[in-house]
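First up is the structure itself, then whatever we jot down about it.
When the chains are written out, they are named A, B, C and D in that same order, and each has its own residue count from 1.
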Amino acid sequence: MSTPNPSAVETALSPGQLREHYISVRQSTRQLVKPLPAEDQVVQTMADVSPTKWHLAHTTWFFETFVLAAMDHRYEPFNEGFDLLFNSYYQGAGPQWKRSKRGILGRPTVATIEAYRAHVDAAMQQVLGDDELSCAWAPVVEIGLHHERQHQELILSDIKHVLATNPLRPIYRRSADGRARAADTSPTREWLDVAGGVHHLGFDGAGFCFDNELPRHRVLVDDFQLASQPVTCREFMEFIDDGGYSDPRWWLSEGWNWVEEQSAKHPLYWELRGDKWWQFTLHGMEHIDEAEPVCHVNYFEADAFARWRGARLPTEAEWEIAASDLEVAGNFADDESFHPRPIVDDNSSSTSNHRFFGDVWEWTSSAYSPYPGFRPWEETLGEYNGKFMCNQYVLRGGCCATPRELVRPTYRNFFPPDARWQFTGFRLAK
Amino acid sequence: MSTPNPSAVETALSPGQLREHYISVRQSTRQLVKPLPAEDQVVQTMADVSPTKWHLAHTTWFFETFVLAAMDHRYEPFNEGFDLLFNSYYQGAGPQWKRSKRGILGRPTVATIEAYRAHVDAAMQQVLGDDELSCAWAPVVEIGLHHERQHQELILSDIKHVLATNPLRPIYRRSADGRARAADTSPTREWLDVAGGVHHLGFDGAGFCFDNELPRHRVLVDDFQLASQPVTCREFMEFIDDGGYSDPRWWLSEGWNWVEEQSAKHPLYWELRGDKWWQFTLHGMEHIDEAEPVCHVNYFEADAFARWRGARLPTEAEWEIAASDLEVAGNFADDESFHPRPIVDDNSSSTSNHRFFGDVWEWTSSAYSPYPGFRPWEETLGEYNGKFMCNQYVLRGGCCATPRELVRPTYRNFFPPDARWQFTGFRLAK
Amino acid sequence: MSTPNPSAVETALSPGQLREHYISVRQSTRQLVKPLPAEDQVVQTMADVSPTKWHLAHTTWFFETFVLAAMDHRYEPFNEGFDLLFNSYYQGAGPQWKRSKRGILGRPTVATIEAYRAHVDAAMQQVLGDDELSCAWAPVVEIGLHHERQHQELILSDIKHVLATNPLRPIYRRSADGRARAADTSPTREWLDVAGGVHHLGFDGAGFCFDNELPRHRVLVDDFQLASQPVTCREFMEFIDDGGYSDPRWWLSEGWNWVEEQSAKHPLYWELRGDKWWQFTLHGMEHIDEAEPVCHVNYFEADAFARWRGARLPTEAEWEIAASDLEVAGNFADDESFHPRPIVDDNSSSTSNHRFFGDVWEWTSSAYSPYPGFRPWEETLGEYNGKFMCNQYVLRGGCCATPRELVRPTYRNFFPPDARWQFTGFRLAK
Amino acid sequence: MSTPNPSAVETALSPGQLREHYISVRQSTRQLVKPLPAEDQVVQTMADVSPTKWHLAHTTWFFETFVLAAMDHRYEPFNEGFDLLFNSYYQGAGPQWKRSKRGILGRPTVATIEAYRAHVDAAMQQVLGDDELSCAWAPVVEIGLHHERQHQELILSDIKHVLATNPLRPIYRRSADGRARAADTSPTREWLDVAGGVHHLGFDGAGFCFDNELPRHRVLVDDFQLASQPVTCREFMEFIDDGGYSDPRWWLSEGWNWVEEQSAKHPLYWELRGDKWWQFTLHGMEHIDEAEPVCHVNYFEADAFARWRGARLPTEAEWEIAASDLEVAGNFADDESFHPRPIVDDNSSSTSNHRFFGDVWEWTSSAYSPYPGFRPWEETLGEYNGKFMCNQYVLRGGCCATPRELVRPTYRNFFPPDARWQFTGFRLAK
């Protein structure tokens, strides 16, 4: 790796700020895994899920590989065997341990990985303490920190799957006392009218963005209507009650195959006990609050619901146009509720019930494709986003497990249409 | 099925013409399978491939179900068991025999299916001989005839796979003598410059189109350049020689997985003997003519080649804009060569070497999505196209196995990105 | 192959008799496939099943390879490509087309295979018309004829699976009018008492036997009791009615896994319509005659039934000891009923109701192992039997699809414990 | 469970001795897992392997279920969810967590399982401290202790697979200094001549045996010769060097399929570095000592070697006849070497080089079948051995990971023919 600089990456931070930021992000990851015994951190319940300790090591390997080793070819890695184990998918950085086999590795232990993190953190802080080096490598460090933020979310969604699969149903952390409960009043769904025409899509602010948010470009859209809020559990229960999961009319062909193979009957983590719906949360099994946005549905389920309701999913352009001027505020990982909050009517203002950020990622009907003129980052980091632009759909808005700092109106998340172990919901459009 | 009329379907034919057309299309299907012994017509070499005799029966079932039985509920089917066996994927028309199991059915025999075809043809001709009925049902009959044309192409691409898989390498039909051979002159690749701006996409002519070509709508595109011809075998051999199949840099992540799982090293049906490339064709094994458009590559291979060459695939909008005013002329199934023709330089005019239609279907970079405001046909026929709009890419232009009559500049073909048993190639864009 | 002579093989036939016998066996195979249209002969419904036309070609390849080509290295094969396609499993005779892929081959057609048979038959008759050659090669020819007899049975059991899998339920041949029906009298089950001690096991008569029936050797057995007849459908229905398929107590661990994976609830080809049991036969769907020996059960089902009944399966030694002096008479393929006959009480003599041969193969509790001192035939034919002595169980007695000529008291048939598409039943021991 | 008494089980211990023995066995299990961090104890590398912590819990569940809960229906289990998780295969004791999914459970943690063990141990010691109760339940306790001994061996063989699969190649425990090394003298292989005739097979001594070692019965065998020692690595290398793994002549048909599917080229855990063979051991990677008995070969490999060498594997009867009067002495788990010891020639006596016990389990050619008149233990414990008598082969003699206390000349171990993660070798017979 000759050049440290994915050229498009800007950073707004001074060297001192960057160093502090580095420490803070890394520290918050450690905080996140504190409730987990070592045994939980080893387990992989399906190929999509990675063990917690793998996330801890992989994010560290990222800094070791793309900063420390890239900067100084004499750098001695903490353990040479880790390159194989903790490279996720960067072909440019060498071979990779098979993804689906991450859960058959007892070693390195959690303690060894903590030592690995400490070792790399020490070296990184030396780099970041040197103003010249810090400036030169700031773009990669920025990427590494956003990368670590993304893995903080994955740690939460992956461990949720691990705990939910265990019939003992262990909890991640008890719920805080004051978690909001549904009010008696129904939330007010509004249809927002948005005027069509030529709009701009993609990032153009100051500071960091991923390569897939660029270049900013023009799009032509028709007038459209967008729901002011995501679809709630109450609405989704109506779909279930109306036989939604047993009527092929609502489903894409691949979606119907998925329904039949999985015998799918409800969102992931839902469970009917008597006539009450429960769900597994990071706080354990709980009654479903019907005013919550529905969560852990995949693209097929979102699309089928929309068709059943006589509506459709928004395109990513429609979503971004509607959300571009809104404040990025909502229920994020920083709030430590790790669960979507019910939508209650507070009547305080006309827009107070509009929800575009936080709670649940929202499926759009847009296949994940490059923006016109897209250029991936240079060198190996070019593999970060671009090579996944196939058979995936774009999601927008962030969720209750996403660090607030990651989210922008232009941020493009993406998953295959059958994935539902992330905190994924959706809103309707017309 | 209460209404016969997928409302958007127009037909330009008089009742008499429709009847003649029906006879002609059905007859041409029979012509196509003449070279095949009954044994070849039974075989299914992979889940995507259907046996020839299945195609013969399914296209007949289409008319029986959507015209004869829909028109008259007292209609007695030729054989009640055929509903299960020959319904392809219409949930609205009842259960279906598993697609991947079509090749384990010896019965009905080819002779029985011929009798089935004769039976339905007789009934259909009665309908089409009645002016009133003919007018009422013309839209569905039109769909059925375009449907049968599509299956004529599938009969050819499927049997090619069946024959190629057999180590005895049987041929479908000997090559006619005068098949064009490569001239010594290299074909002239030009870059066509197309001005961006607001263009229209989708069908608006007279006559038939599929529901997925509608509604006609506006799109905004940048200026772009499009190659005047598809990529040739000569160019693709350079990619192979340059190690294209062993360098993950060029490949989408899913594409690279495909390369590794399949140990892919060249297009389907290619075979290296000594230092010469051969390929299996419907005329048997032949030397590869380097001037031919490369064929039987999937989206991953097309996309990797483009990246290697520093170019990209066109979007479907770009392709349609460039092709919309061209004459639909080229090497189609009607020419009975059933193989792409070499591109030779004839210098006769500035556009004489432009090839947009025939020879090979061209992969575009556009995921197969509904046009804004898309409405599927009514009732069960609504399943024809809409429910496949997921994890597929659009292809344009028709190929040497496509009946000429099917092809329009607005026609949208679609296949998953790993499919390559169709006659699929691509052109470059910038 | 240097020597023609699997040394242990004896033949009792004169050259003239051998030639006649050859013609007769080959002719009877042709007779057997007459009711089948070409399409039926192509199909493979599971890996265990081979297409009819494959059997026709493989038995021919056997003579071509082990006689014609072995005798004369200048022999020109009918088609060189057939070696790959029609070698079943003889590693010593070259590579083999994958067994599970036999059903994806349209070519060679049935007509071509008929020509292949005629070609090889002509050459073989020349050999057999030469007394010297005939004597020299008689042992291999004998093996080839017994081999063809074995495949005659497989043609029947395989096509039964092919036809039964087809929802149109085609029949192989209508039932002859006078097929025996159950009398009102229940058959008399007796327990035969057999004295233990040192007995002899294995072939020692004149004429042909397979290598796995040798050497004749001594075994020590305790006194035992053997049922005089196989278990009937009536008895097996009691097992079903008593919940036999849902109670793990009766089943081997692997058997229970099989039950759960297959959701097995009854013998293969059985179907409950209303409160009546039907079964698919080579004559089509028929009521089950309760007095028939139960058929199409695997080792797991036989063993579970025996445990439920407080009995056990006999060892192969016990079976052979009890049967060694009985006449080999019963319902074989030669009778062309192709279905087990009901057991009726005729009171004519004390042993008239004893059934040891024909109707159904009988599972024994003996794993298929070599007899002490076993020596496989020499050269490539040594692969005929010996290499399958692993994870299979021995069956005895022949069935309604076995040519009478194949059956001896010492004949050892063998199948894996989960196989049940053969005509397999069982008797009890104590 | 109404009766505590698998009637055939005898115990020679007084109540006081039994209690002491219980404490000692349980304590030695704990000792065995001391070197393993919690992370190693979670992992399952293939379906056959169970996580260490599962073994710790399952052996405890055995006492809880078959003693504590069986004795007193008011007994409150430590955790009701453990029944599902730690029941291995006893259908009579309720449903079981899927075996292949044991490695996706982080909980219960190792610490919780230690508490579980302590809880059950306390209750068991109360029972065993009561003379009356102790006598009544001694048979089941004896079974439980032998059961735990068996799992001690599985802990070692399973963790060996876990560690060997990890590319970091962690070690279980460093080798003790004085591990025996090969002498220069070649070990003397002798052929022991054993006279045939009627012999007795099966247990008849005092004290404990498993149900599958009974009843003692007579067998008739021919004279035979048995090698005095197992086959060594040196001999097996000759087989490899002679192309043994690429010549189908030596292999059973299923064995050859296994070779091709696995691309097998050498015993499990072997690795060729340059021209030297290394192997993974519980002490890490080591040079292969050629005088060691070859280990980690499956039945197919043992059988192929024997055929290549012109010999055969002994039957279990032959093995037991030859070993029945020998002292049960050798290299067992108690020696804590956990690896087969080289065979060195000490010339001290004519039988000093005879090795029948310890080092490696020895494959016999006998399919695992019930002895004539076999009766499984009563009730649910009847599932212990009997239901596995299918598609497995008998092994004899114990190995370096087997607790000495388990081994008897009549002890029948059994595994499927493709298993080789156990410490399995073999000896030749003629």
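By our rule, contacts are C-beta pairs under 8 Å (C-beta built on N, C-alpha and C of every residue); 3 or more make two chains touch, one makes a residue touch a chain.
A quick note: this is a predicted structure, and the numbers were derived from the prediction, not measured.
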Field: Co-neighbours of subunit B and subunit A - touch as defined
entry: none
Query: Tell me, which chains sit next to both subunit A and subunit D?
result: none
Task: Tell me which chain's centre, taken as the mean of its C-alpha atoms, is farthest from subunit C.
output: A
Euclidean distance of C-alpha centroids - subunit A vs subunit C, Å: 60
Computed distance of Cα centres, subunit C from subunit B, in Å: 47
- prompt: Hey, how far is the Cα centre of subunit C from the one of subunit D, in Å?
  reply: 38
- line: Within subunit D, the set of residues that touch 2 or more other chains is none
Field: subunit C contact footprint on subunit D (complex, rising order)
entry: 89, 91-92, 198, 217-222, 248-249, 251-256, 299, 365-367, 369-370, 372-373, 383, 387-391, 417
Message: Help me check something: in the complex, which residues belonging to subunit B touch subunit C?
response: 37-45, 53, 79, 81, 84-85, 97, 103-111, 162-163, 165-168, 170
